[in-house]
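In what follows, a structure is listed as structure tokens, so that the remarks can point back to it.
Order of writing sets the chain letters: A, B and C. Residues in each chain are counted from 1.
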Amino acid sequence: MDELRKRAHELLQSGEVKLVIGYEQGNGNKVRPVFITNPEDTAKLIFDSRCVQNLAVYLSKPEVKTIGKPAIVATLPVLRTIIQLASENQLTDDSAVILGITPDGALRNFSTLEEIETFINQFEIQLEERDKKIIEQINQMTPEERWKFWVDTLTPCFKCYACRAACPMCYCTKCTVEQNQPQWIPVPSHQLGNLEWHFMRAMHMAGRCVDCGACARACPISIPLNLLTKKMMEDMKAQFGEYRIAIKKGNPMSTFKPEDSETFIR
Amino acid sequence: MTIKRLIIQKTSLEKFFDVLIQKGKTIYAPKRKNEKINYEVVNHFSEVCDDYIQTTQSAKSIIFPRTEKLFNYNKGKGNITLEDFDPDQVPEAVIWGVRPCDAAGFIPLTAIFNWDSKDEIYNTRFEKTTIIAFSCTSADESCFCTSVGGNPGNTNGADILLTGMGDKNLFLAEVITEKGEKAVSFAPNLFEEDPGIEKEKYLADLPKQFNQEEIKDKLQAFFESDLWKKQSLRCLGCGACAYVCPTCACFDIQDEVHGKEGKRVRCWDSCGLSLFTLHTSGHNPRSVQSQRWRQRLMHKFSYMPQRLAVYGCTGCGRCSRACPVDMNMLEHLISIQEIQK
Amino acid sequence: MTDKNIYLPYLLKIEKITREAPGVKTFRLKFVNEEEGNNFNFKAGQFGEYSIFGKGESTFCIASSPTRKGYIECTFRQAGKVTSALASCEEGSEIGFRGPYGNTFPLDEWKGKNLLFIAGGIALPPMRCVIWNALDLRENFGNITILYGAKAVDDLVYKNELKEWEERPDVNLITTVDPGGETPDWKGQIGFVPSVLEKAAPSSENTVAIVCGPPIMIKFTFPVLEKLGFTPENIYTTLENRMKCGFGKCGRCNVGEVYVCKDGPVFTYEQLKSLPAEY
């Protein structure tokens, strides 16, 4: 933590960055994102196992971008996000200074995006035991049972869009649900509207989701949304083979290869 | 009417619950599902959860649902027919187990839906719903009802308020309204005269943390302040706080089509979402999050008291608990109070 | 009105469609239920929510005068989902209407005064109701001057009525188009509305000014009016904002604590000055 604070202080003091995005102590036992522009305030920065929110979501936010070049505290999911954003032309080497935090909690500075890409590909995206169990359960279900499971799980959703707001990959300035000519997804919250929203979002995440879990954590009523996106990842691997998050390789869903399986056409 | 004070044993309370079911009421009570506790239809007393400080969602969806049909239309053969809302379709309901802050939340909601023009749909649901509240014996760090004119044993907005004594085998039942009286009249033998119980000693201790009148007066001068930007930088711009809030009433009107038929619905909306005030021309009076955050706070603590003589917050703390990035209402209000002019 | 479902619209039939300008149409509407039509009353300045069932509602002022019974009119520009659906309606189609909502131009207070109407482009419709209302009660008012401008000749709305107003001896009509918007046979002025206003320099003595136009026009017109001696309580305008319910419940159209649908849409410049800059 001290190293992190020192480095943040250096960066602000020298003017290399105008802003440090990190974590600070919140109310009760919560941690929350903090935006530091004053070198003295770097004392507020903390880092511990509670710091799991994906800060990369702020890199695309106009209100944050206007402040100036940021430095961002980046755990592994955040690093993966940064590379995915770079592969979608949202970030370059100069967009931000990356204050990486390794899974052991050590500070690691990265000077280029390539360095980050090499680093993150040492680690497999693993499913947590709990999620594995539920996915296995779902895989055993008949189509009718699965439909009932998802209807029961998604009907309580009230379309607050916290999942979308917390997801760093949802950076579209005008979301599909905000289109009204035509209205692709119904606005009100009810069974059909909720299913359409979540299924559509899962499809938009296919091949792009970096498995940070921000969506499920943000949901105020604890809907296990990440199951949909994780299942998408499994399906993507099955259809298009193993893919790694990479700057230049191109996303499976936005690049065409002659050997792509076209089972959906049958 | 003056509040009538009665007492009821825990076993009789269960019986009272059953009587209400027998009378055909649809009872909504806190029920545990996965890790969250929310209001659901319950049929048996054993389903009711009472081991919590506050539910995740408010009970407003029972009277102001997420999606409410306003009318049906049919474009049949050239001319259009409209089918109006039918008040007889609305069931008699009981909300069992709200906290005083939630019961009080219906007061600003009712004020908004009756401001000059009366929303008959809202009023029908409200009139057919009996609100049975339970006092709070404990609070957490997000609660602040005492700072906004409430308290853990407040009767505002409730039809009946039950306060559990010590080990919760005996309850003080305060019957506040005619609706509450009617409910008690279904099983009067279950209730006894109050021997003079002092309920205050059974309530949670929650010191007042800010003065809402002071804040209302301060806010008038703070429209252009940069405090809004500072407070809202981490806000993600979702609708979680508005949707779990017991007093937030902002809504959208949408048409849903099924071939030649369809309906117009009223559904929840949030001033925190960027689309809320967007004009068709592309102009948006509240184009950045700080302006939207300012609207949220000022609407509740300045505009509503000025126009409707009622504050838009009851201190339930749900917004703070639900927010993914800890936008804590209590913290923000205290920091406004501390700003020197 | 109190027991009626406030969200339930009246059914209106489109009796006549007039193409005013590219993308701009006027509908003349009659109530399908004659009794409702006879009981319907409104005052100049009020607006309604016009709807296409299945598409949604859109907010326009009632553009006809309350002195003319038996129908109401609205003028709109095709811009989004609902207005595009309205624009594709034919005569005889039925639409929905909720209203009247909002406050009104205080014509009673203006008795005996001179009236100066200033409008730009698509903002003439909200003023048309009060212009015709005043003209239908002509003896109540002193001089009536109308200054109306648009980007180009084709963008001028109510072209037939402009001709009528021009030919009336008891109305002084000044029309203008922006520089570059004139046609070879254009006989009106050429120039932006604020500068034409300054040139015309109408007297502010015992006069009320009613201004409506795009924000940029309003921004430059108010100082000219003040220079001519108009006081802020004698300058009126009508505001627009994103609306849904139209009666102060959906929480969308407020500017500070002022709700455009309830406290407006008609405001004086005096009131406007005290509003926060959030519209």
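The rule is simple: a residue touches a chain if its C-beta (ideal position, glycine included) is under 8 Å from a C-beta of that chain, and two chains touch if they have at least 3 such contacts.
For clarity, every value in this text was computed on a predicted model and none was experimentally measured.
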Chain pair with more C-beta contacts, A-C versus B-C: B-C
Chain at maximum distance from chain A, centres defined as averaged CA atoms: C
Chain closest to the middle [Cα centroid of all protein chains]: B
Distance between the centres, which are taken as Cα means, of chain B and chain A, whole angstrom: 32
Separation of chain B from chain C, taking each centre as the mean of its C-alpha atoms, in whole Å: 40
Cα-centroid distance, chain A relative to chain C, in whole angstrom: 48
Chain B: positions in contact with at least two other chains: 252, 254
Residue numbers of chain C (touch at least two other chains): 80
Chain B residues touching chain A - in the complex, by the definition given at the top: 34-36, 38, 56-57, 66-67, 140-142, 229, 232-234, 236-240, 242-244, 252, 254, 256, 265, 267-268, 270, 273, 275, 288-290, 320, 322-326, 328, 330-331
Of chain A, residues touching chain B in the complex: 26-28, 30-35, 53, 57-58, 62-64, 156, 158-162, 164-166, 178, 186-190, 193, 214, 217-218, 220-222
Chain C residues within the chain A interface of the complex: 80-81, 84
Chain C partner contacts - residues on chain A that touch it in the complex: 180-181, 183
For the chain C and chain B complex, residues of the former touching the latter: 1-9, 11, 32, 51, 53-57, 79-80, 83, 94, 96, 240-242, 244-245, 247-252, 254-257, 259, 262, 276, 278-279
